[in-house]
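Here come two complexes built around chain A, the first alongside chain B, the second alongside chain C.
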Partner chain A sequence: MLACLALFVIAPSHGWWLPPGMSTHSEDVDFLFYIILYITGFFFILTEAILIVFMFKYAGHPGPAKAAPSTGPNIFQKMFPFLRDQHHVEMAWTVVPAAILLYIAFAQVPAWLRIKDRSKTPTFGGKQVPIQLEVSARQFEWRVRYPSSERLEKWMKNEGKEDFKSFGVFHNGQPKYKQMDDVPAVNEIHLWKGQTILVHLNTLDVIHSFNIPFMRVKQDALPGKTIPVWFTPTHANTRFDDKKQRWVDGINMETGKEDRKFYRWEIACAELCGWGHHRMIGRIYVHETQSDFFKWLKQTEIENLSHGKASK
Partner chain B sequence: MSSSQPHAAEVHAHPEMGFVRKYIFSTDHKIIGIQFLFSTLIFLVIGGTLAMLVRAQLGWPHAELPIIGNWFLDSNGGRMTETFYNMLFSMHASVMIFFVIIPMLVGAFGNFTIPLMIGAKDMAFPKLNMLSYWFMWPAFTLILISFFVEGGAPAAGWTSYPTLASAGMPAGEGLQSPAAPNSGHGQIFWLLSLLFVGISSMMGSINYITTIINLRAPGMTLYRMPMTTWAMFITAILQAFALPVLTVALLLQSLDKLIGTTFFLPPRGLEFGNWHTGPGGGQPLLWQHLFWFYSHPAVYIMILPAMGMVSDIISTFARRPLFGYKAMILSIAGIAGLGFIVWGHHMFQSGMDPRLGTGFMIATIMIALPSAVKVFNWLGTIWLGNIQYTTAMLFALAFVSLFIIGGLSGIFMAATPVDIYIHDTYFIVAHLHYVLFASSLMGIFAGIYYWYPKMFGRMMNETLGKIHFFFTFIAGNCVFFPMHILGTAGLRRRIPDITNTVFEAPLIPLNQFISISAFILGIVQIVFIINFFYSLFKGPVAGRNPWHSNTLEWTTTSPAPHGNFETTPVVYRWPYEYGYFDANEDSKPQTKKGEPGDTSQGHH
Partner chain C sequence: MLVKVGHCSAVLFLAVAMALSLSLSGCDSNSYSAAIRYLVRTDPLVTTDKLGEDRYNPDRPGQLPIFSAGDLREFPNPFFKDAAQEKEDNFFAQRKMIDPTKISAENRKTLQDALDEFFGTPAEPKVELIDTQARDKLKLSPEQLAKGSHYYRIHCLHCHGVPGNGRGPTSRWINPHPRDYRQGIFKFQSVNQVSKKGEESKANQKPSRADLMRTLQEGIEGTAMPAFNLLSDGDLESLVSYVIHLSIRGEVEYDTIKTNFELNKDAGTLDLKSRVNLKKYVKLKTPLVGQAWLDAQSDPIPVVKFPFPETDVDKMKESVQRGQDLFLADVEKLKKKKIEVAASCVSCHTDYGRQAKFRFDEWGTLVKPADLTRGVYRGGRRPVDLYYRIHSGINGSGMANFGGTLSGQQIWDLVNFVRVLPYKAMREKYGISIN
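Coming up: the complex of A and B.
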């Protein structure tokens, strides 16, 4: 038991712990995680300590006891006169945990609904216009479809509501309108710091799970359904590398230094999807500014056109 | 049938029955229980071996596999293929759940203890009981054959989620699966095998319910039944209500695979590369609902009997009355009842409506309450006790201490927002192994050490038992406790190679530590096997009641004769009258008549 506790102390110093949260969801999730960790940690120590103390204190010798154990009022009964018989003890240790459990149960409802409730899906004309994209999972990659930079720029100015539907409206699980100038990408999702992103998640073959540990995002992609997922990154990790002539992630943009351990944010499929499940990995590129993002998007559009692979 | 001959062996060898009727196609519940025990112990070895292979891959993902590497992984340079790995953990889970824990707890211990503990001659339907064992044999055969069919044993996880498991070719174009090579023939064998397990369990549970309701000895009121029997009773009810749903799900998936129905195929169909399945008319989420509607109660089927057994063992060896007998019964019933409305907590991230998740979450959190009450009651039982540290007692106390961990870690994943992060990580793996390995299996070991004398008439070796216990306890914790940390760091479950992502790769040292502990854990079980078989022939002969226990099975000979009791026992008191009565007596068996001034009889 002591070893178990020691492990909890050692582990975080080795980086074997919750990765730092990088989205607005992480506050909710981590807060609840720690609350529950403290509550359960307390009861873990309490019950195991009682068990071990009793195991030593009441260790018997072979054969019947020599004398009856003294059953006068013990220390607990002196402290809490209420606990005078078995029935009252049962009552006490039912009601107290019940209250704690009910607290845990109801404390988390708002956070859950903030993250997942579909009526809270960020939409066009809301407080913050989300950028929208479609992620289609398949064995074993994440296929991403962006609107063209032209349309996206209009949305950001709260214009072009009709076009918005090509991502917002689905029919039979398929996007109702696909447009010729949509921008496809594979295994990379780009956005910028502080910008809410709304992912329309679907899958072509089996169940996959859209899992970004650093963003505290996880949602299964279900065949035949399109499920909205949204989050807002609070940090950036991408800049243009002049030497390599491409955008690189894994950069702590506050210090400007490379820090792959905490600043490479992977989309790691979390639902068994076949033999290649473990390497179904995409990446999140969070640009520092909106203009950086559009630079990337326009560049990708041009590359796609020159390679003749405009969206199908 | 019963005679009053004093020598166990002679009573046992009833002259009218040949070897086959007595030991193979036996209708005697004790023999059937022992048959279940032996069969499941063999499958425990198989499941354990699969786990060792899983750990070998996880600790050293790029290394060649020793011994068996060259044997049948030759094409991959002796290294494990991803498909092979997926097959290993899928079959490890399937074998352990459907062929070890459930048939061991319910089949072996349920069969053996129920009639003996309630004072009945046998089960209500002895022939049905025999059938329930023999229906396991097609299941055993099919699951073992699945390893050798084209494509290999299933590799879609023990949950067999569509459409990975269910996607098939159009009817008439073969049974291969476009989703995974193992989801073809192997999956069909898996489905059929589980159907037989289900039929077997159903026969068993009907039998248990009927027996407990109808065949109790005179004076054995419901509130004088030992906790083991209560737990088996409630478990049987759980099984009877939940199993039909699994059977339906298995049939639907079989139909999808065999004749091309589309229960789990969505309307727009699926695309595998350039190949399209064509439209379907179903919904993959349907499987998850049906599957978990059974498989969540199944989790309680796998723990409640162990809780019952542990309650009896702790009370016996602490020489104290069970604390809060009625609260213990109520909490088992509470767990079972709530167990039916919490299946959705396996599906928080599945795409089920999140508002529905809230309801499941509250029910799930509240299930911690009866579990907590049980733990407090066990602690209350050993309080002021005169604890006898037999191996059975050590395993029972280990059950309590490890169930605390398994129960508390469950609260994390019951909390929906936290579950977003830890779902499908090693945190879940840690939790489920703390409940199923560290709790259920410890309960099973406690039960084996406790009832072994009654089963075979001989005692197991206590020294070997204690060696087995200490290594199992320590190595078990070394295996499963660090998995909480792995999960907290975000390590996904069901991946053969953790070095593919930046956030998982640093966890390799911890994984190697776990693997080494797991190998020790596996090797130590040899001590148990040696002890088990050695004691079978050479163990000291046990008397009727080696543990000075109160329940009815200890009033008859060890092993009990055909028909169980020389004369029908009459019950005068509840089973937990332990404690100091006078200098020579610290227990009052249930059959002991009350004396003047004895106020305790019928107290409960």
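Coming up: the complex of A and C.
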């Protein structure tokens, strides 16, 4: 018990705790997480402490049944002689938890509204046009489909509303209007700092769960359904490595130093989906600026449209 | 009872139980035990891709048709009808399949010892008998293979099996079934399969290391092979080496059994042909297989330059329409345009693949010509990947190579058509219809 308490105190300073939030969702989610942790933690310690104190205090005591034999007719009243007809105690242990639960129920409404409610799905007409992409979960990988850079640039300039909408149309959990110039990627999602991303999440086989702890995102992917997920990263973690000639993540872009522990952001599957569940991992690459992102997208696009090196 | 033995023994008992359960659950060093060996195969060798008629249904989940000779006569097996209708073991009598369990114990031991000597064990894999140059170029050093074996056990074993037989525990539940490396045939590669006149046949050439690497990094879309792009390049390179090791070992074993044994129809046993020394045969065969792998590393498919700028819509339109004519092999139309050869893709990809039938491949499993309207390409979706597939075919699957009959320009026409095919808006833009 004491060891557990000590661990509880030590853990955050050692990084064995909820990872630092890197998206706009983290404020809401962390508030709820901590409020529930504090309430349950307080009562857990209180009740356990009382239990332990009483264990020592009443050790060897003959017990209420022998101390004061009940005269009541009912066997339960004989077993628990001290708990009869005490309505004020019953009121207390009903009303207090009910009030706490009611508080939690109301406190989570705004968070739910901002993070999950479909009416708040970022759209074309909103404050900021989101970049949208499709993520297909599959045993055991995340397949990602981006629109082409040309179309994405158009959307950013508030053009091509119909095209934007058709990207998000799904039939039986599969995209209805795939385009020839869509850009495929596996296990990696790229975006840039401060940009809202709208993910159309679906699955090709069983139930998976799209979980990015650093972004405070967790959403089950259900067969036959396409579910919108959105978030806005507030920090960047990716830069171009000239030596390796590719984009590397795990960089704290504010200090420019490598920090894999807090700046390598994984997409983990959070729903046991088969033998390879543990290795169903993707990564989130958040670029510092929009132009960095487009550099990556255009490079990927060129690779995907490769006509090969002509040998004649 | 624990109360009686006292606290000290109880703690001891619990500690032992915990240690035992941890070790039994597989919490060990993640490497093969030295006692594990590659055993001589017991599942039938398939020698042809004509094992039965084409059909509309694949084998059912939970079933891999050719696990053992006995399996063939069990009910939902796709071979059930064929095997039951023929009173005798037709497949085996005609040498369409060879059942290695009929080899005598003595011969089996000789073969086992020879293979063990030259290929080692899963814990200490090696490839002997091939020359140093080939070993360097194919990166088959014992250190590299040991590293590969370590990662293979973690990431690949449960589908592809210990000897690379494609019969790991999960293989039954996956369709298409995982690849069996032991015939030395690989589907998706960029190595030339088309020989010129007067040259040696290049049928079923091996893939290059880069091809295997690409498959590992990208996965195979539309199958259960996932992408492993989060492993480092060095780890993946070692896996490629280990796969080549398994493939060479498997092919030598396959070829030795196929060439040196005859079915004794009276006794039903597989007898060694007279004057054959199994060990000598293994010694002769291994360098040849190694050489074939080495040759394949420097024989890429010749790619003709893409004939027009990619942004030229009018030329693209013409090209796509030419591609469709080639695909459908419409003789009249082709004559008008003075084109003589026809690829006739439609004879297998019926209705652009939407009504294609399953057929047997060289591994004895059921495969289907791709449904090209879906836009899922197992061998990769880059235009150059599609060029490779049409030029050199898909080994083992029945997809022929057209590099010898079609010109480079015609292949590009087909590639353009196939790329446009799945998308309605694109079909309208380039003026083709598939209804």
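One rule holds in what follows: the second predicted complex is superposed on the first by the 280 of 312 C-alpha atoms of A that agree within 3 Å, B and C clash if a C-alpha of one lies under 4 Å from a C-alpha of the other, contacts with A are read in each partner's own complex, and residues count from 1 in each chain.
We adopt the following convention: a residue touches a chain if its C-beta (ideal position, glycine included) is under 8 Å from a C-beta of that chain, and two chains touch if they have at least 3 such contacts.
What you are looking at is a predicted structure, and each value in this text was computed from that prediction instead of being measured.
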For A:Arg279, using the defined touch cut-off, is the partner it touches chain B, chain C, both, or neither? Pick first, second, both or neither. both
With the two structures laid over each other on chain A, which partner does A:Glu141 touch: chain B (first), chain C (second), both, or neither? second
For A:Met253, is the partner it touches chain B (first), chain C (second), both, or none of the two (neither)? neither
Chain B versus chain C as contact partner of A:Met156, first or second or both or neither: neither
Could you figure out whether chain B or chain C reaches more residues of chain A? B
Is A:Asn304 touching anything from chain B or chain C once the two structures are fitted on A? First, second, both or neither. second
Looking at A:Met180 after the superposition, I want to know if it touches chain B, chain C, both of them or none. Which is it: first, second, both, neither? second
Who does A:Pro213 touch here: chain B (first), chain C (second), both, or neither? first
What is the shared patch of chain A, the residues that chain B and chain C both contact? 138-139, 275-276, 279, 281
So in the complex, the part of chain C that touches chain A is made up of which residues? 155, 158, 170, 218-219, 221, 224, 226-227, 229-230, 300, 302-306, 310, 375, 381-384, 387, 408, 419-420, 422-426
Chain A residues touching chain C in their complex are 138-141, 143, 177-180, 184, 186-188, 275-276, 279, 281-283, 303-312
What part of chain A is in contact with chain B in the complex they form? 1, 3-4, 7-8, 11, 14-19, 25, 28-29, 32-33, 36-37, 39-40, 43-44, 47-48, 50-51, 54-55, 58-62, 64-69, 71, 86, 89-90, 93-94, 97-98, 101-102, 104-106, 108-109, 111-113, 115-118, 138-139, 172-174, 204-207, 209, 211, 213-214, 216-225, 227, 250, 260-261, 264, 266, 268-279, 281
Chain A touches which residues of chain B in the complex? 81-83, 86, 155-157, 161-164, 167, 179-181, 265-268, 270-272, 280, 283-285, 318-319, 323-324, 327, 349-351, 353-355, 357-358, 361-362, 365-366, 368-369, 372-373, 375-377, 379-380, 382-389, 397, 400-401, 404-405, 408-409, 411-412, 415-418, 420-421, 423-425, 477, 481-482, 485-486, 488-490, 492, 494-498, 500-504, 506-507, 510, 579-580, 583-586
